[in-house]
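To keep things simple, chains are lettered A, B, C and D as they appear, and every chain counts its residues starting from 1.
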C-alpha cells in the first residue's frame, strides 16, 4: 500500500546513507564538535548569507521548539502563537513543561494575521493587570504553516516589524522549511528568511534526514550557553556526527533545495490530479501538504489502498484528510493514487 | 591519530548501516509504532526473558535518564545516586530541570555501598523534619558504573531488597550495559539484571548504534502514558524506524552481545598492555573503560599520538586518564598505542 | 475617598484581630500543627458535614490554585478551565510555571457550559493524535465565577458527572465562596458543594481574613504528602497559627456565613441603587461583584470620588467597571456612592 | 510548659498588633502598592543607607529563597551553598522544583569557607566538561547561619570578592538577620551588610512579625519584573498591607533592632545559664540559637518541662538539641529552664 500520510515515511536521502557509510570508522569527538558539524555549519551560514550566524544541531522538532523557546524566554514570559501552532497543539505540552505559557491568537489556515498580532500585543501590554499576567516574550510562526500555507513577504516583514516594536524575538519553525522555499508561491529566499527573524530552524527530519533540525541564530544572537541548554534539555546528541554529516550532505551542491523541489513538483502534480478528479479542497495549499474533503462513506475503501492522515471533521458525513508528498515520493505513487480517487 | 577517548567515536555497526539502507524506501508510520520497532521490542523482551516487559526507544542517555526519572517520581521526590552518578555530574542539571533533586550518597569507584544506601534511607525517613525534606523516591545506579566497575550479584540483590524495603523503584542506567554483561567479571546475565530492577535501559549509542537507548520496564510496570511523557520531554523520534531498525539489528543473532564481547576482548588486551608497560592503574576496571595515572610531563607528547580522556587530577604532577575501547576498536589501534606508552 | 474596587481593601474582621491579640503570647508549634489549626479544621469539617475531609491552610489564591493543581495532575496532564478562569488570565502563568497547561473552553459570563465541557472532553480523548497532546487531567471552575455569577445546582451536578465520566477530579476555586453561598440565588449549601467536587477551597483573604485559603479534600482524598507539597511550593506558613486562628474564628458561631451575608446585603442594595440610577448593567450578577457600563466621559469625575475597578472595554466610548462589596462595606459608603452616580 | 523550640513560637510584636488594629478599616489597594508598603520600603532603604535599594515583601522564608534564586539564575545555573544551607536541606526541594540545582560545598558550623568556595569555583569553571555541568550562578549564605554562627567582616568581604571575581551575585538569607546584627560578636552593621551583597532579606517571621520577609536589592538591581515573578511564584500577598504595616512598624524607631537585642540578651543569659549548669556545647553560637549535647537518658524528663528542637544525633547515647530565644522570650522562661537543666 502506498502512503501519503506524511513527509517522514521513508528513511534518509541515499546520499546521506552513502556519506554515513563512507565516514563510519572515522574517529570523531562527540557532542557536535567534530569537523562534519563544523563544515555543515559553515555551509548553512553560506546558504543563509549570514556569516555571523550561530548554528546548532538538535534532534527533533518538538525538542527544538521547547528548547529554543525556553532558552529565549525569561521565566515570566510566554510565546505568542496561532492557536493552531504545533507548539500549542501536538507537542504534548512540551513548552508548558518548561514553565512557559503558549499565548494564542487566531489562526487563519495556520497563519497569524499581523494586525491581530499587533492588537493582541497592544492589549496585553496596556492591560491594567499587565503585571499579573504572562508577558508576551516571543512570536512563533511556522513556515510553511501546519496547514501548508505560506506567509507573503509583506506579512513576514510586518510581523518582524511588530515583534521588533515590542522588543520580542521572532522565531520561525522551519520543520518543513525546504518545502516552503521550494514552492512557486514562496516570495522569500533562505537568506531573506534569515534576515526576517531572530531564530529559525532548517528541518531535516522531514526533508531528507533520519533526524535533525539545524537551529540558526542569524546574527550570532544565540542565548548565552545555548550549547549547555541543549544538554540540559536532553537535546544534545552524543554522536553529533550523525547530525553533522546529514546536514553537511544536505547543504552540499544544493541537495536540500533540490530534494525540496522534488517534493513540491510531486505536490503540484498531486494537486492537479485532485482537481482533475473533482476533489473538494479543504484549503488551498501551495506546499507539500494537500488537504481535501472526502465523504466518510468513501474513506474506508480509499484507506485500503492509500494511507492518509485524517485531519479534521468537516460535518457528520465529511472528513478533511491530508495527503503529503516528500523528497522521497516517486511519481509512480501518484499514478497509483489516481486509481483510488 | 588513534583515539581511545570514548566508546562513541565511530558511527554505527556495519550491519546497522546495511539494514538502514535496505529498508530505506519502505514507507512506515512515524513515532515508534512501525513494525521494526515492534520486532525490536519483541527481541528485547525475549533476550530479557521478560515477556511482560514494556520497551520504549529514546534517543540519548541524558534524555533517557531525565525522562525516566521524572516519569517515575512524584513531584516531591528525589532520586538517590552515588555522588559520582552521571545524572548528578555531567548532565547539565537535566534532572533538576524537571523539578527533582539528585540526593547523593558516597560513590566508591562509581558504586554505591548497600549498607550506606540503607543507612541513608533510614536516616531520611526517620528524620524529625522528614516532611520538610525531599523524599527519596527512586534509587539510581549505573551498570557498569561511570568508573567501569561492576556491582556483584550480591550487591545488586541487596540494593534491590533495600529499595523494595523502602518501596522505591530501582533504576539501572545501562548506557554501557553490553560492556558490563560481556565482562568476565560480570556475575549476572541480561535476564537476571532485568529481574533485579524496576527499570533499566540498554544503551545503543555506546554499543554500536548511531543513537538510541532502549528503556525496559521488565514487569510491564511502565508509568501510565510513558509514551506521551517521552513526547513531552522531546524524547520521541519522529522517524522511530531509525531506533527500531538499529535495535532490531542489534538483537538479531546476538549481535549486541557479540560486539560487546569484542570491546571487552580489546579492553582486556589493553589492560595487559598497560600492565606490561608498567602503567599505574587509577582503579581496577573489568570493563571497556581503563584508567591509568600518567605523569603530566608525558601527557603532551602522548596526546600527540593518542587521543584520551583526561579524567581527574591526581596530584600536582599526575593526572588520571581514561582509555576506552568499543565495539569498533581494531586490534591495530592497540599495536599503535603500544608505541606511545 | 470611598472604594468599591475589590473585596480585599480592608484588614481583617475585628473578631480575628481580637483572637490574634488574645492568643499572641501562647507558645505554639510552627507549620500548621498547632491546636488552633486543628480546631479550625474540625470546625470546617463540621460545617461541610464531611467528617472525612482533609483540610490544609495556604496563604493566597494564586498560590493555592497552582499548588492544588500541580499536586493533583500527573506531569502530562493539563487543567480544563473557562478561558476567563483566574488561573489562565491573572495569575502570571503560575500554573504553567509548574509545568502544566491550562486547557481553555469558552466562558459564559465566567461559567463553563456542561455540554461544551463534555464535547471538549470527548473530542480530546478521541482525537487520533491524543497521545501527542496534553491530557485533560482536572476540571477547574470558580464559585462564584470571576464575573460574580453562580452555577445552578443542576449545572454543578452535571459538571461533576461529566468530570467523573472522564475520571477527572473537579476543583472549585472558592476564593469568594462565602459570597456565593450567601447569595439568595445560590442553590447549594456548603455541605452540598463539598459533595459536588473533589477539592475546593474556602477563601479567607476576601472574606474577613488578612490572608488564608482553606483547601478541603472532602472525602479524605488529598494527594499523598500534600503537606510537603505545600512546603515545596512555598505555600506553608511558618507561623501556621496566623491561619489557624483566623479560620477558627471564622468558623465559630457561623461568622463566615454572617459576614458573607452582610456583603451580599450590601451588594443587593448596591444593585438596587444602580438600577434606581438607571445604570446599564454589564451582566446580571447575584453576588458581591456588580458590573456596570459607564460612558468614558463620566469616568474621570466619578473616579475622583469612588475608587472602582476598570473591567473591560465595551466600545470606543464605554467601559465596563466593577464595584465590589465585602464583609467590611459600611452602609454609609452606599449613601456616599449615591451622590456620585 | 515553656518552649525554646524555635523563634517563631509566638504571634507578633504588640506594636504590630496595635497598628494592624488601628489601620484595619482604611481602604487600601491590594498587592503591595499601598502607602504602608511604600513607607516601609522607604524606612528600610534608610536603615540600609541604600537610597537606590528596591524592596519587595514576600511571605515566608522558603518561598523567598526559591523566588529570589529562580529570579536571579539563568535556566542552566545552580546556586552554590553550604551543604547545611537551608535551601538544600529543609525546603522540600523548593529550589529544585524551579529547575535549579543546589551546588554544595562543605559547611563549617553552617558557614562556607572562602578558600573552599574559590577552589570550588575555579574547579567548576575550568573543568574540561564544564559545558556539560551545572554552572554556578549565585552564592548563597545565611547570616546568621542555620547553626547560629556569624561570618566575620573579613569573611564576608572575601566571599563578596570571590563572587564578584566569578561574576556571581551573592545572596544572603537573613531569615534571622536581626539576631545576627544584634549579637555582640557581629562585625557588620545593616548598611554594611547591604553593601556586601547583591540581594538579601530582612526576616520578619522570626523577628516579630506574623509573617513576611523583606527582600532588598541594595543597588536597585532587582531582576526585571521581579514583581510579576513573585506573583508567578504564589509569593505576592493580596492584602499587601499585612506585610507593609508590619515592616513599617518594625522599622519605626528602630523596633527591629530593639527586639532583636532583646532576643540576644536572653540568648547570652541562656548561654551563661547553660555554662553554669555545666552543659556541653555542641558548638559556640553568638546568636539566638544555642546548641547543647544532652544524654539521651535525660531527654525524656527534660522534654516534659521544656520544649526543645532535637538537632542531631551525636552518638548512641547523646543528642544535640537546639534552644532558641526570640523577641518574645520572657526572662521568667530562663528561670523556669534553670529548674530543669
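Simple rule for what comes next: a contact is a pair of C-beta atoms (placed from the backbone, for glycine too) under 8 Å apart; a residue touches a chain by one contact, two chains touch by 3 or more.
Just so we're clear, the structure is a prediction, and the values are computed from it rather than from any experiment.
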Pair joined by the larger number of C-beta contacts - B-D, B-C: B-D
Longest centre-to-centre distance from chain B, chain (CA-based): C
Mean-CA-position distance for chain B and chain A (Å): 33
Whole-Å separation of chain centres (CA-atom averages), chain B against chain D: 42
Length of the line joining the C-alpha centres of chain B and chain C, rounded to whole Å: 50
Multi-partner residues of chain D (each touching 2 or more other chains): 75-76, 91-93, 97, 99, 131-132, 228-229, 231-232
Interfacial residue positions of chain B with respect to chain A in the complex: 2-3, 5-6, 8-12, 14, 17, 20-21, 23-30, 59-64, 66-67, 91-94, 97-98, 205-206, 210-211, 228-229, 231-239, 241-242, 307, 328
Touch list for chain C against partner chain B, complex: 31, 70-71, 74-76, 99, 131-132, 135, 224-225, 227-229, 231-232
Chain C residues within the chain A interface of the complex: 75-76, 78, 89-93, 96-102, 128-129, 131-134, 310
